[in-house]
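Each of the next two complexes has subunit A plus one other chain: subunit B in the first, subunit C in the second.
Coming up: the complex of A and B.
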């Protein structure tokens, strides 16, 4: 123990002082009784604030962000599984839905964030794990969305008058079907681009994404399949479940639209959990390691006997399948889709999530997706209101400047800055950072946190 | 750049004869013209054949096909030279850095916006109608080149140079970011100035369309006309391509660029300032793109901040089609792609009885060509077969 301490002293430089303090703070609050107290208190304050002040305002925005941060910190903390799982479950399954009944805006933001978490995790498989830059990822999302939109609405009678829309209850099998169709399209895209190196691949996938969008935009003639640029409206939602239980047994008088919000929140939550589990299992499996080997050095990986074709196709298929399934949910939730919903900016958006969080890192992708969605839906509109107020007060800001309309600018700057200053992302993948700092050995699990162990023993 | 290298490696030092210079300069341009004529004839034959196949069902099809044919060829020429001039920017940067400058389409767009801004400023001062047409064209070309070239060099300094030596995907993602930033900054500038989002590109009067000749088809003569703007676009593009070929194939500077493209490390050992050459490559490519943007904006009549994206993508396709890194290839690829697209755009709806709109599916055609090329001949039309290229 003393040797470790002295080693740490040697390594310590004056500039690392604040980093050390931060490290200690993290150790105290991340483990043991300190963590229980900290997270318990934090959760209580957040919940109390959200419940007593649910109106949409800057204040609620801040507490909502703090709330999401809390969920993430608990998920990442070193507390025992029962505490982590229990608190996360309480926050996401109890607090969030109840808050959602008080203010429908925030649960919608949470649902959207969930949708993009799943998409970012899917893209992370392709870009982060296998190192294949896919700029047309939203195409798979579009395929899933159009699948449900066409087959669940009278749009299908446009193709053949004898066919009729599928009943809304078929939503559940269609989520699974979306998964399969997404995978099929992933393989379809993957086959021609197998031999391409990174940058060519990027352009071809971008072209593929555009092709899907142009097809969606133009396949209203000669046979009206997608209804062209008008999009498809009144997409079916699955029948509500547990309505009587909630309204009569629990006595909560919620309207149908509120119930649908809750319903989609839970559907998305379930899919996100499923995605996280699948992706983390894959990452540490033989397949995940094969992907990483291909990413690091394709030639060496093939020489080691890794089936390159199968592995690359699998990466495309797995990544695309989540997008396909989420597409079905998205179409059903939004009730309306049209081709511009699935433009290149959406693909770049998802890519920005993955890059911001850290390519190859699962918590990173989750964090990136939440941050970007919040930026998109909450922070930019809030900035717009603030700017408008400032304009009225006489601050010289161009009248045409509306931050919500300048997402490209924001994401563009974000991408460039991330690439220059922190290409590994906010929460880099551990294996990648180990590769980056191969020289200094990381402190091992038993020796590193003496403070935390002491804290754990005293509790 | 192997094709050029072969021609010029023989003279070690000193002067080359005029004939040799002319050959290195006009050789690639001649090759391009060959492809212009070749693809025009080949595609005309294809559509004639398609018309003959269907003629049983629709007797007037052949006449209708031939009626629009000259216009389609002119359209193909314009598109072809557009793609060729943009593709050069991609291919030169790729040759030197092995990196796809994703923001190049936006450099092109900025050239168009600059041209529109110049026209607007002239109109506001009341000069626009008084300026001679040729002077106006020169003005927008020079200003477009200046702004776009400077912008391209700046972008390289800010967003690409710090990333040199990083994994391949890193500068590419940065370039995507730059592309988005340029789009929105231009939009911000345009919407907060009198230009507006969709800026009209006013020009002095270039006179009425030029009547080339008349065709006698069926009962009435069909005039073949070319608009003066199209003529200006094509001739300016030809001049620029000749100058570029001179610059790259017959000057010391060009030799330095080609040396840097061949082997950066060795070039720097030979006393070439590689960083300067890379900046210069961006400057030349950006200037070409900017001039193309200004000319194209003038030809189309409006510019907007997003107009560079799709042409950029297609120009990249053209560069790949010709063999990326190969300057002659980029020109040839641009021409072939331009003609293909013009023919698909004009004839698809004619041959399918209006079921498919050609304009929309022309984009799909371009991307399908990209995918097919990458699968079957990744080195492109003029590239040499190497396994490392793709």
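Coming up: the complex of A and C.
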């Protein structure tokens, strides 16, 4: 048996070998007492480092990335549920917020990452599960954001002077309303594109996304609904909760803005958890299977009695709803939105998250969203600062070279490299990772040798 | 009233100037195994596509189990209990064998959206039952050990069997098999013949098949319909078809028909 296994190793491509090594490492660290010690120690070191060095710096950046990696590794590990759930909860509900009070930048990055996790998960329903390439996804985010921005500010009096803004406490029902409005717009987009597939679908959805942005840009005349390119300012935040409890009972002297950061962090975290639960339940149900069947072969899916129109619209609606809800939160958190916030690049960014993580894969979308957000907000700007510091210190980098200008280039190169070396994404859907192993088999497609199969199973 | 599960009358379908199916009538009694044969391009698959709703017939009526279905949507026809397999296997390649069968059960699973999201007890029960049933079906066609393989990694013969298992998952009354043994070796063909016979004898299904393998057709069909250039040229039992001069002509040419006669 050992010989068979070694023969297999020779046949394996480098990618497959590294995948195997990774798998072994995962099994080793993911189970048993080794895992408890590893994760415990890792968490302790990270927490200690973050708490003792909260100042924004390269070093803190690195530990922050390691911290997020840890959260993800724990969540994905094969440890018992109490350990996995418990440690994830401690890291996200205790360590992260406390660190956030020490340095507001990082909790903002975490909140943004969370917003994009929900968006990526939503887009993954449409693109990954149902196979409908949607390039205008940010439109639903915009709809949610403008919904709250217009109705919570004096902007509404521009539409009709008799109307008045909704009180800030209405934020909570509006998050739910965002969910509903997102779904409605998802169906509105879905209806005209039902018959389209592939490239044609992509073009029409791209157009839809632009239509929403252009509408937002131009609906300041004849009636000023969106305030046009100037955007909407001073968007309301819900009244703070638990302030007395935190300041007096706990004795933590946090400013309002710190409390709001904490507040939005927790709101986003809750929505992300809600999204993950809903999406994974749908995935393993008759609905999720119907979506995947439509993606795989529409004609065959319909021949199994799957109502094509209904299922596609449901995918569009479910995907869009998370974006709508997050839009409300985003507008409230940012205090200001304008049309360029919702441009095509944003849609493409979200799509890149899904593709980078692995289409159709829930953990993949989460990881993809976190990676892209970190790259965007933290890692690439940090590289730029490091380069600029080097420049100032006399390293011969041409003066005209401004590293901040190259962020998107670096991002592009990363994506291209990714597509060359791991086109299925970082964490492909587990079922689909089998495709990879299938590719490693010798060329005879029929009748895979039983010995190889047995070896693969026993190893 | 009648014991006919399927009555297709005067069905015609044209594509541009080409008459793919011309005034074809086919009635199938409950519990029969019926074959549709004919040379390549005779319109057999087009006829199946009309029956299953992929194409709308230009003329004619199709009555399935007492319901008129001509021009209905394919998913509605499938839900009524008519299932099919495809000539060029159409499995859900990147789903597992078990999931393929579960997709076939779609019309028998009713868990509403909100219950799935809240994972109500009823949903979990239904899902467990469906998995159990799917595994029974896989065992029936001999694929249970491979239930977690991706469909596309199955050997050819297994893919054919999985397609049949997926069709069975819809608990059909009538199953249409489009060339179920195409590309199989004689040994696999024998196994497939046996399976088709069991579908009828054990499950009480009505089977309509398109087939080129005459050995299989003659062995298991109780009635055979012959199409040529979209027109029905003969109908009858195996012996009658074998000696029908028009059939011989269609398959072998005019000279052969004369020689046989």
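Keep this in mind: the second predicted complex is superposed on the first by the 381 of 459 C-alpha atoms of A that agree within 3 Å, B and C clash if a C-alpha of one lies under 4 Å from a C-alpha of the other, contacts with A are read in each partner's own complex, and residues count from 1 in each chain.
FYI, contacts are C-beta pairs under 8 Å (C-beta built on N, C-alpha and C of every residue); 3 or more make two chains touch, one makes a residue touch a chain.
Bear in mind that the values here come from a model prediction, so they are computed numbers and not experimental data.
Trainee: In the superposed arrangement, does A:303 touch subunit B (first), subunit C (second), both or neither?
Mentor: Once the two structures are laid over each other on A, A:303 reaches subunit C alone.
Trainee: Taking the superposition as given, does A:196 touch the first partner, subunit B, the second, subunit C, both, or neither?
Mentor: Only subunit B; A:196 stays clear of subunit C.
Trainee: Tell me which touches more residues of subunit A here: subunit C or subunit B.
Mentor: Between subunit B and subunit C, the winner on subunit A residue contacts is B.
Trainee: Scan A:211 for contacts with subunit B and subunit C and give back first, second, both or neither.
Mentor: The answer is first: A:211 touches subunit B but not subunit C.
Trainee: How about subunit B: which of its residues touch subunit A in the complex?
Mentor: Per the touch definition, subunit B meets subunit A at residues 99-100, 158-159, 162-163, 166-174, 176-185, 187-188, 191-192, 309, 313, 316-317, 320, 352, 355-357, 360-361, 363-364, 367-368, 370-371, 374-375, 378, 390.
Trainee: Contact residues on subunit A for subunit C in the complex?
Mentor: Against subunit C, the touching part of subunit A is residues 277-278, 281-282, 284-287, 289-290, 292-293, 296-297, 299-308, 314, 431-432, 434-435, 438, 446-448.
Trainee: Under the touch definition given earlier, write down the residues of subunit A that touch subunit B in their complex.
Mentor: Touch list, subunit A to subunit B: 131, 133, 135, 192-193, 195-200, 202-204, 206-208, 210-211, 214-215, 217-218, 221-222, 344, 348, 351, 355, 398-401, 406, 408-409, 411-416, 418-420, 423.
Trainee: Using the touch definition from the top, list the residues of subunit C that touch subunit A in their complex.
Mentor: 52, 54, 73-76, 78-79, 83-84, 86, 90-96, 99, 102-107, 109, 111, 113, 116-117, 119, 123, 127, 130, 149-150, 152-153, 155-156, 166, 169-170
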